[in-house]
Each structure stands twice: as C-alpha cells, then as structure tokens.
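Look at the two complexes coming up: chain A is in both, with chain B in one and chain C in the other.
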Partner chain A sequence: MAGTAVLGRLTWQPAELVEAIDETSRARTLVFDVPEWMQHRAGQHLDVRLTAEDGYRAERSYSIASAPGEPLAITVERLDDGEVSPYLVDELRPGDRIELRGPVGGYFVWEPDRGGPIFLAAGGSGVVPLMSMARTRALDGADVPARLLYSARTLDEVIYREELERLATEQPELDVVYTLTRGQPEGWTGYARRVDGELLAETAWPAHESPLAYVCGPTSFVEAVAEGLVGLGYPPKRVKTERFGATGGR
Partner chain B sequence: MSFVSRGFRGRRRDDADADARTPPGQYLTDDFPVLSAGPTPHTPLDRWSFEIRGAGEPKVWTWDEFRALPTEKPTVDIHCVTRWSKLDTEWEGVSVDTLLAEAGEDAPFVVAFCDGGYTTNLALEDVTDGKAWVAFAFDGEPLDPEHGGPARLLVPHLYFWKSAKWVRGLQLRDDDEPGFWETNGYHNHGDPWQEQRYWGD
Partner chain C sequence: MEYVDGNAMAGTLGELFGVEMTIAVGVCAACGNTGEVAALHVYNRAPGAVLRCPTCESVLMRVVRGPDRTWLDLSGLRTLQIPV
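Right after this comes the complex of A and B.
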C-alpha cells in the first residue's frame, strides 16, 4: 500500500470471541469474529476497547498474531498489575463481545513480496507480530528463507511452540532457534543466555545476503539485538524494531 | 455504538486532577517506555550539530554552541499514541523560539530531521510561542540515547511521535510534507485531546 494512501476513519467494530487458546500459563490467544474487519498485513496491531457497566473505558494496543486471511487473532500475555490483560487472559470467554479498531501501523510490516532472507528476533511475547509474519510466509511465500531467534525465560514460556516446531519441520527454508535465559530443561543443548553479539553472529543471516530483520520484545532485548545486528554490518534501515510499551499498562 | 464488556470493572483512580490531565483513551504510567522504529543511533557530541534550514544559508550550531544558548526547564505532561501518558515530566532544553530567532527564518511548516533518517512534520504554530524545545536533559540527567539523546524535540501538546528523537535540525517549508509515521498510518497533526491517532481521525 502506498504510504500516501488515504483511508477512511478506522471505526470501533464489535468483535465476538469465538475461540480462546491457552498458549502458556500467562498467555492466551483470542480468536475473534469481526464482520467488517479490514484485512491486515503481518506485523500490524489493533486497539482493544473495554467498557465497564458504569461507562468507564480502557483501551490498549495488541499485535495481531494471525496471518491475513485467517480468522483474526491476538495473543495476550497477562501482566499481573495490568488493567486490561488480566481481563483478556482470564475473564473473557467465547460468546463475549468487545470492541476492536484497526489494523494499525504501516512500518513494522512484512509481506511476501518484500522477499528476504528474513531474520525474526523475538523476546518473550514479542514473538506475536513475528508469528503473523511466519504464518504469512507459510501460507504464501514459503520459499523466502527465514530464521526465527526466540528468547524466552523457560521452555514453558515459549508461545506457539508446537506450531513453530511443525513449521520448521515442514519447511526446510525456516529455522527456529531458541535461547532460554532463566532455566533450561534437563539435557538442553541449545542456547541458554541473553542474546549477545556472538549468538547473533551464529544465528542471523550474514549481512552480505542483504537480510531484512524484524526485532520485537522488551527494550533491553531490542536494544541488544538491533545494536548487535548493526555491528554485524546490517544497515540500520534494514533493522525494523518494535518494543513493548509500559510494563505496567497492558 | 458501544456496549458493556461482561465482567470488566477496570481500575479507577481517585484523582480528579490526574483524570482531567489524561486525554481520552490514554492511561497513566510512571515508567518511561521506549518506542522507536529502528536501531538507536549513537552520534558523538563532537560530530553532532543542529541546523535550521530555510530560504537562506542554513544556521548551524555545534554541540558547544548549542549548549551555550539560553535554556528553559519545562515540566510537562506527555502522551504517546500507544496509549501511555506520563504527568509532570521534567526537561531542560533550548526553546525552538530561541533557535528560530537566531536563524532569522520563517515559514508556515517545519520538518524535523534526525539521525537514523526519522522525520516528522509540524505546523510552525505548533513549535513556536513556548510550545516546543530541543531537549538535552530529562529528570536532571543527560538524555539517554534510547530516549533520544543527545537531544530530542519536545512538543508535549502533541502525541509523542512528534517529539522526534535524535533530532539534528528543522527544515522550514512553505508546504506541509508528511514525515515518517505520518506516511505510515498515523495522523498528520496528532492532538491527543482530539484523539488524532490515525489517518482519518
């Protein structure tokens, strides 16, 4: 889409929860039916609005997890001191309706015609928009070489683990590498530390292959990965970043 | 149309002053979240300059010259389009009024340009009369690179993407040229009290 395209106003849309999938003990995928939803591009996000009985409202933004054309899904991680995420993870149930607005964001986006190779680096629930890209690639563009580096605290906190393993098995052009920073299962032979320059040098595409990198996670993770990739020779314009907002808010 | 979200109660504040200062759709945070589209640039101060480009010769300040200009210490509320707001943030910077007066330039629009290639567009009236600064300190400390240091634009009455990080200058223009986020789905003006978040708002 041309950056100068003029869109009509994005309006709040009623959305019915049709399915909820527990991903980890703290994260849940919510699949919505939204009759008039405009198709998104992988990497975009949406706004959620909740309204209490007395009219009080709260709004937050969440990355879209599904590929364009699939039923619209977000994955939400519960923040214990959050206002909206505990409701979405623990309370909302199929048949309930909330309001959604979007899709939003035109920069942190990948479409198959952008090509690759692509390097996706996820810190924790930062995997969500990257999963939309991996799913998009699997549906349309599986010949684009892709690597996903996923940093999680423990294996139990890896979101989409079964699907990622299935995709990596089915698709020779997709590699998935984990690093577990807080605890590892017995016999773990993979990476077990925070991402650093050496780990990136071993997992990211060499800069001479002109890769496109997408990095999403908490600020410390994004800073480390983005600086590491620039250090490996990636032009800064080929490193797209997205960070979590306030830790206490979602 | 709106409707009740079953079982949602929300978390209210019992603070009418804070409520009155929080624009619609925002929530208050004590954190200072970081948002940027790419790697953080690190320009050494001896290679840093600030520039006003207009009809005449550009006016250029080195870091030392910039820091010799009179400064102000605004305490302001800031509002990010990703929905956090932060009250009473304390900055130090040079007023854009001061910079424009020194440069002697005038035009109806400006584009802020930055290390890393980021741009954002503003009407001149949104950066003059005490409404905008080039800030180099936050909370009494030099501005961290991840928050835009060595210097960022500070335009607190608009959504915070207008407060361009790593700013290196202002280009004065006769026409309004949409910047980075303004061509990527976000509103051209960005007034949080009007909820001008996205195209068409």
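Right after this comes the complex of A and C.
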C-alpha cells in the first residue's frame, strides 16, 4: 500500500465502510470514511478496488452520490453476473475496508456557478451522479431551475424516491418526472414508456432557454436521449453524457 | 459490442498523467473530429482498454496495464491537448 496521498496525485486509499443504506431490493448506498479524501464535485466518480486473499484484484468505477461536503457516499446496483457489485451490495459490512481512488472526472460535472436551467436525465442507476447534482443544488443553488427525468423499470426500482419527492415538494424550482418502462402501479398516470423525442419535448427545457443537460445511464438510453435533445435544438456541447454499458455499472 | 465512454477512464488516465484527463481534447488522425476524452467510445471488457473516435470509430488510444508497467498507444491521435 502506497503511503500518504500527495495532493494532486491520484493514488489508492484505504476506506472504511461506516454505513450502508438499502435503497431498493437491488441497490445500496455505501458511506465511507477516507482520511485524506479530496472534496469532490457533483457528477464525479471514484474507482473501487477489491483484492482477494490470493492477490486477484478487480476495479470498478462508481458515481459519487453525496454532495460535496457531505460524508462520501456511492450507490451501487447489483448486477447478478457482476464480479464486484454483488459483494458491495450484499456482503460489505460497516467496519470493512476496501480501497478507493478518486475523485475523478471533470467532464460530467455540475457546480452551482454553471447555472441553468439544468435538465437531468437518468436511466436506472444513472440517477446516482445526478442525485449528487440535485443534492448540491439543494444545499447551494436552489434558485437554479432544474428538471429530472428518471426512467426506471418499475416504481420499486426508483432509487432515492422519498428524498426526490421531498426535494420536489420543498423546492418550487425542481421538477421530478418518472417514466416506468416495465411495470406501473395501479392508477399510474405518469409516463410508461422508454424515453423518446416526444417525451423529451414534453419534459425537457426548450432549447431557447439555453439549458445545460446531463444524461447518465445505459449506453442505449444515453444515445437515445442525447440524440433526442440535439433534435430539439440543444447544442451538442450543452449535452453532457456518461454511459455505463449494457446494464448496471456505476 | 457494447461500449462505455471516456468518463470510465478517468482513474486509469489520471493516475498515469497526474492530471484530469477526461477533459483533455483529442483530434482524431483519421477524420479530424475534435473532442474531450470523456466523449470517446471505450471498449474495456478485456485486459486492456480501446478508446475509439465517436464519429468514425477509428482507434485513438489503447491502454494496457500490467503488474509493473502500463503500455499506452496514442497513434490514432493527431494531437492531445492536456489541461495543466
């Protein structure tokens, strides 16, 4: 294990799990204590490294869920054929130690001084970095108009649902819209399909308001939303994207 | 094959270069497309990672990590502007 992290140099650091919070049946938030962690910016991620007793190592990237200044938290969704996520979601216990490297990423980042309005589009666990942005905005920048479009398979798979509903109720400048693609509760009157151009036209800020968009989710979701937004007149440079592959991921 | 994007390379490249590399701007030697590393298409379900141009799919960078060294091929890039 390398010694103390030198400022500005990215190294693996020991981290202790201090709290684990079940979010859905497949997703868990993990709160870590890392003695020399640099403060992150909303939207950044970190790398997790696990080392088995025989020395085998596996690394994965996960988005940071907390706002800067809050205890460092990631939210991990279990991939059933995954190598790392089942361990993080089902096995890791408070007091256990793993290694973290970060915070990293400078492209998919929002800070209150970037202004808005902001349009956040989440596919599944792609909501995690967007939640960091929503939390950052709530702490420092609640006057920035924001809309979150969250595509989930079912209502039970919506991560952070209570907190999102509370934020949307407390903050008139924040709207949260769900679309449930696989199953809807009885009486559901919201969207119930994959995001398409028409759905974006109804939920995203009009392009003439110069919005800034952040899109995170599975690759196919991100491509569809980014193309849809550009089709509505968003300049490609104003559409920030982060893709995590076919399923799950960060 | 499914790809992710250059955001996923932030840790690996950051460790190598010592600066935040996903906002570095590369120019594709094949088609001239200019953009951030974050927007490249990344194929990383292998021992190494291949970063491709999002416009023409040419290979721009390859990164292979061994236990005591890293092999970096940038031959598909005309230039790479690195933030300092």
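Throughout what follows, the second predicted complex is superposed on the first by the 237 of 250 C-alpha atoms of A that agree within 3 Å, B and C clash if a C-alpha of one lies under 4 Å from a C-alpha of the other, contacts with A are read in each partner's own complex, and residues count from 1 in each chain.
In the analysis below, a residue touches a chain if its C-beta (ideal position, glycine included) is under 8 Å from a C-beta of that chain, and two chains touch if they have at least 3 such contacts.
Only a predicted model underlies this, so the values are computations on that prediction, with no experimental measurement involved.
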| item | value |
| --- | --- |
| Clash or fit (per the criteria above) of chain B with chain C on chain A | clash |
| Contacts of A:32 with chain B and chain C, given as first, second, both or neither | neither |
| Which superposed partner A:98 touches (first chain B, second chain C, both, neither) | first |
| First, second, both or neither for A:62, with chain B first and chain C second | neither |
| Contacts of A:50 with chain B and chain C, given as first, second, both or neither | first |
| Which of chain B and chain C A:221 touches, first, second, both or neither | neither |
| Greater residue coverage of chain A in the superposed arrangement, chain B or chain C | B |
| Colliding stretch - chain B into chain C, listed as 24-32, 60-68 or 96-104 | 24-32 |
| Overlapping contact positions on chain A, where the chain C interface meets the chain B interface | 8-10, 59, 61, 104-108, 219, 241-246, 249 |
| Complex contact set, residues of chain A against chain B | 3-4, 6-10, 12, 14, 49-53, 56-61, 83, 87, 91-92, 96-99, 104-108, 219, 222-223, 226-227, 229-230, 236-237, 239-249 |
| For the chain C and chain A complex, residues of the former touching the latter | 2-8, 10-11, 14-15, 18, 20, 22-23, 36-39, 83 |
| Contact set on chain B toward chain A in their complex | 1-12, 25, 27, 29-31, 33-41, 80, 82-84, 116-117, 146, 178, 180-181, 183-185, 197-201 |
| Interfacial residue positions of chain A with respect to chain C in the complex | 8-11, 45-47, 59, 61, 101-102, 104-108, 219, 241-246, 249 |
